[in-house]
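What follows is a pair of complexes built around chain A, which joins chain B in one and chain C in the other.
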Partner chain A sequence: MASKPPPGHFNILYFATAGSYTAKNVEALPAPLPLKKLFGTLEERYQGIRASVLDHSLVTINLTYVDVTDDEASEDGDQIVIKEGDEVAIIPPVSSG
Partner chain B sequence: MATEPTTTEATTTNPEDPTTHSLSEEACYVALTDLPLDIKSVTDKVRSPEAGAIVIFAGTTRNNFATHPISHLSYTAYHPLALRTLLSIATSLQTAHQLHGIAMVHRLGEVPIGEESIVIAVSAAHRQAAWRAGEDALEACKARVEIWKREVFEGGEGVWRANRDGGRGERVG
Partner chain C sequence: MAGETKDNSLPKNGLLSARSSDGKFSRRLTDDEFDRYSRQMIVPGMGREGQLRLIESRLLIIGAGGLGCPAAQYIAGAGVGTIGIVDGDIVEASNLHRQVGHATSRLGMKKVDSLITHLKALNPLPTYIPYDFQLTPQNAADIISQYDLVLDCTDHPITRYLISDICVLTQKPLVSAAAVQKSGQLTVLNCPPAPQGLVDGEYPPCYRCCFRKPPPPSSMVSCGEAGIMGPVVGMMGMAQAGEAIKILASGLHLPPPTSDDNTAPPLERNLARPTLLIYTYDLDSAVGPYSFRALKMGGRKKNCFACGEGSTLTLDGIKTGNPDYVQFCSAPTINVRLPPEQRITAVAYHAAKEKGELPAHILVDTREKEHFSFGSLEGAVNMPFGRFLMNAAAVKRTGGSARDLLPTGAADGDAPIFVVCRTGQDSQETVEKLRELGLDNGGQRKIVDIMGGLRAWKQDVDPTFPFI
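Let's look at the complex of A and B:
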């Protein structure tokens, strides 16, 4: 699907409404990036995407769903960081069938 | 950070049909394809001499949404994740309903009105389990599988649908 991201980057895939909003299916963003900063980073690039798309979407990293809470209070010690070469995807509400 | 799946699944692609991607495990078969769906070939995946019933569901594309005339529908998928989710649904239903076989195939790309976008076939010793499993399979698929439907209206405007709440996605012009 997407080609390998350049060194120091990860790929992010935009499906459905996310792809319409960003006008692209995939792009490479600089890594590492703490997961809790992902939505803020995207909002800087695509103003309004958070309320329109991200707040209703799920996120996967390397095909595994992750919990995106930028809730600073959750200090589990195992804060997820998106790494170089990872494949992140924005998963809006699905509509198969 | 991702944990590897515990299944022994392998994505297979038919060299004569590069648009079809499938996963299978024991009596479960799931696939995504850009080609028109063939109900008989999906049904044949679940045939078993021990089965007393095969239930087949065919979902077809409707020509309107809330009275808006639709010219066609187009589906996209996150292929590897959608296949993995489909297989997970299939294997859990096989166990729950003691199925002899379950096959779920979804079509992607443009699907003309009135054609099948999904075909599900399940086989079981008795009809009750097959009926229930067939319905459960479709509902789980619509709720979870990473596939998206874009409805294109007469005139060219399109919207991404969301199954959840029967809602409409964002207008995409």
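Let's look at the complex of A and C:
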């Protein structure tokens, strides 16, 4: 397991191409953060990551899938807030085999 | 296990029969089958009935590579009765570190024939059906519709979306896995299958429910380009076999039994929110910080293009090119095409250098450092493309010095910069980025792409160059 995030933060895990893009496997970001602001926050830190990685990736919070749609008014996106101590994962599809 | 003796207290006949899906008792186990499958039949939850379900099942493996080989071995060993295998490729030496169903003596053979040779030696009882060509939108439905369950062991998004769409329309469960470099993914989709368009309740997702759109081709890497560790893809293939055997032996893909049928195994039937298994393998540490993760997925998406409400996807449409899978998977990408004056062929670069016509210059090789370590052109400095792009983005964002992007000593002066990569795309993007960042000193400094990269170099200049 990745180590616990510091107080006031959540851990975000970067799998596959998300890891190559950010050059890390995990980092701690400030919490709380509304889910719908997640991609914007990451884009600020890693310019271009939205189009190259995030738009086609799955997102989980505490090992459970969450729906991040482009639609600002979507039921889920409006309500979900990433809390202190949560573990978020960015999971791009892998195609090879 | 010590003492592999036959347990003669078990009946050899009589009770060795099972109920098939239509409720009728079907065939008995032969002595050969009984001997061969005894060690898995005595596992609780499996039994004779599970074994007979496997024997009566038809399973399709699409892709006879790194996933398909290990999956097929266990599927065949377990005694699935009919096993179809689709692959149009031939066996190459670079396959063998992970594609364990092939052999050095079968290099150059069709992969399906090679794998079936191996499987027949392992277990001659199943019927093996070879399809020694690629799956296409035209042939996919005819093949897939003849099977009970499909394993996606392919290596490209085009086939992944195609297979998933056909499985939705023909109502087949799909066990999907993938792996590249040091990580793998596995999930069970469409199981038990529900008619397209049903959304009032919990139904299992399809591939499109999970991954709505493919990654841009520029960020997509194949095992051939990015590499793959054998055990990573092997583990995923075996896990696929495990899931497939469980589903078929337990009848998890069949509609739930009616209330008066008490013979159904007491197993978890709800695959409507399946697990996505992720395996990450860290080469830098003995025990990775996290190796396996099981993620709870969502169910069928209401607005899914393939299985959701009001979907217009049809088998006829797919056959006639709608949707266009190739186009869907090659959507917008920055495809740089440099003007001729910023390019030079590998042959011309070599000739000019041999004749001493090239001025003192800097040669930048943008391949990853692992590729670079196998061999490079004389005087080349390594500047891995991925890291360069990130650093370039950071410079744009923070306004740092673009000169720091270049390898030490390369930033000063107006000596021309030549850029070479593996196949000639990354080098063009690099040339363009360097100019954008003003590193051409307002046009005084030439920045030139070596066309076709080191692949062209090997082909046209030096056949002994160690190109991977």
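Observations
As a convention for this text, the second predicted complex is superposed on the first by the 88 of 97 C-alpha atoms of A that agree within 3 Å, B and C clash if a C-alpha of one lies under 4 Å from a C-alpha of the other, contacts with A are read in each partner's own complex, and residues count from 1 in each chain.
Here is the rule we go by: a residue touches a chain if its C-beta (ideal position, glycine included) is under 8 Å from a C-beta of that chain, and two chains touch if they have at least 3 such contacts.
The structure displayed is predicted, hence computed values, not measured ones.
In the model built by aligning both structures on chain A, chain B clashes with chain C. Contacts of A:A28 after superposition: neither chain B nor chain C is touched. Once the two complexes are overlaid on the shared chain, A:A51 sits against chain C while remaining clear of chain B. Of the two partner chains placed by superposition, only chain B is touched by A:I80; chain C is not. Once chain A of one complex is fitted onto chain A of the other, the partner contacts of A:P92 extend to both chain B and chain C. By the document's definition of touching, neither partner reaches A:V68: not chain B, not chain C. Shared contact residues of chain A, touching chain B in one structure and chain C in the other: 1, 13, 15-17, 20-21, 52-53, 56, 60, 63-64, 89, 91-97. The part of chain B that touches chain A in the complex is made up of residues 1-3, 59, 75-82, 84, 106, 117-118, 138, 141-150, 160-164, 167, 169-170, 172. Those residues of chain C whose C-beta lies close enough to touch chain A in the complex are 63, 65-68, 153-157, 160, 177-180, 183-185, 210-216, 218-223, 226, 228, 233, 236-237, 276, 278, 280, 289-290, 293-298, 386-387, 390, 393-394, 396-397.
Contacts from chain A toward chain C in the complex involve residues 1-2, 13, 15-17, 20-21, 23, 25-26, 46-48, 51-53, 55-56, 58, 60, 63-65, 67, 89, 91-97.
Remark: chain A residues 1, 13, 15-17, 20-21, 52-53, 56, 60-64, 66, 80, 83, 86, 89, 91-97 touch chain B in the complex.
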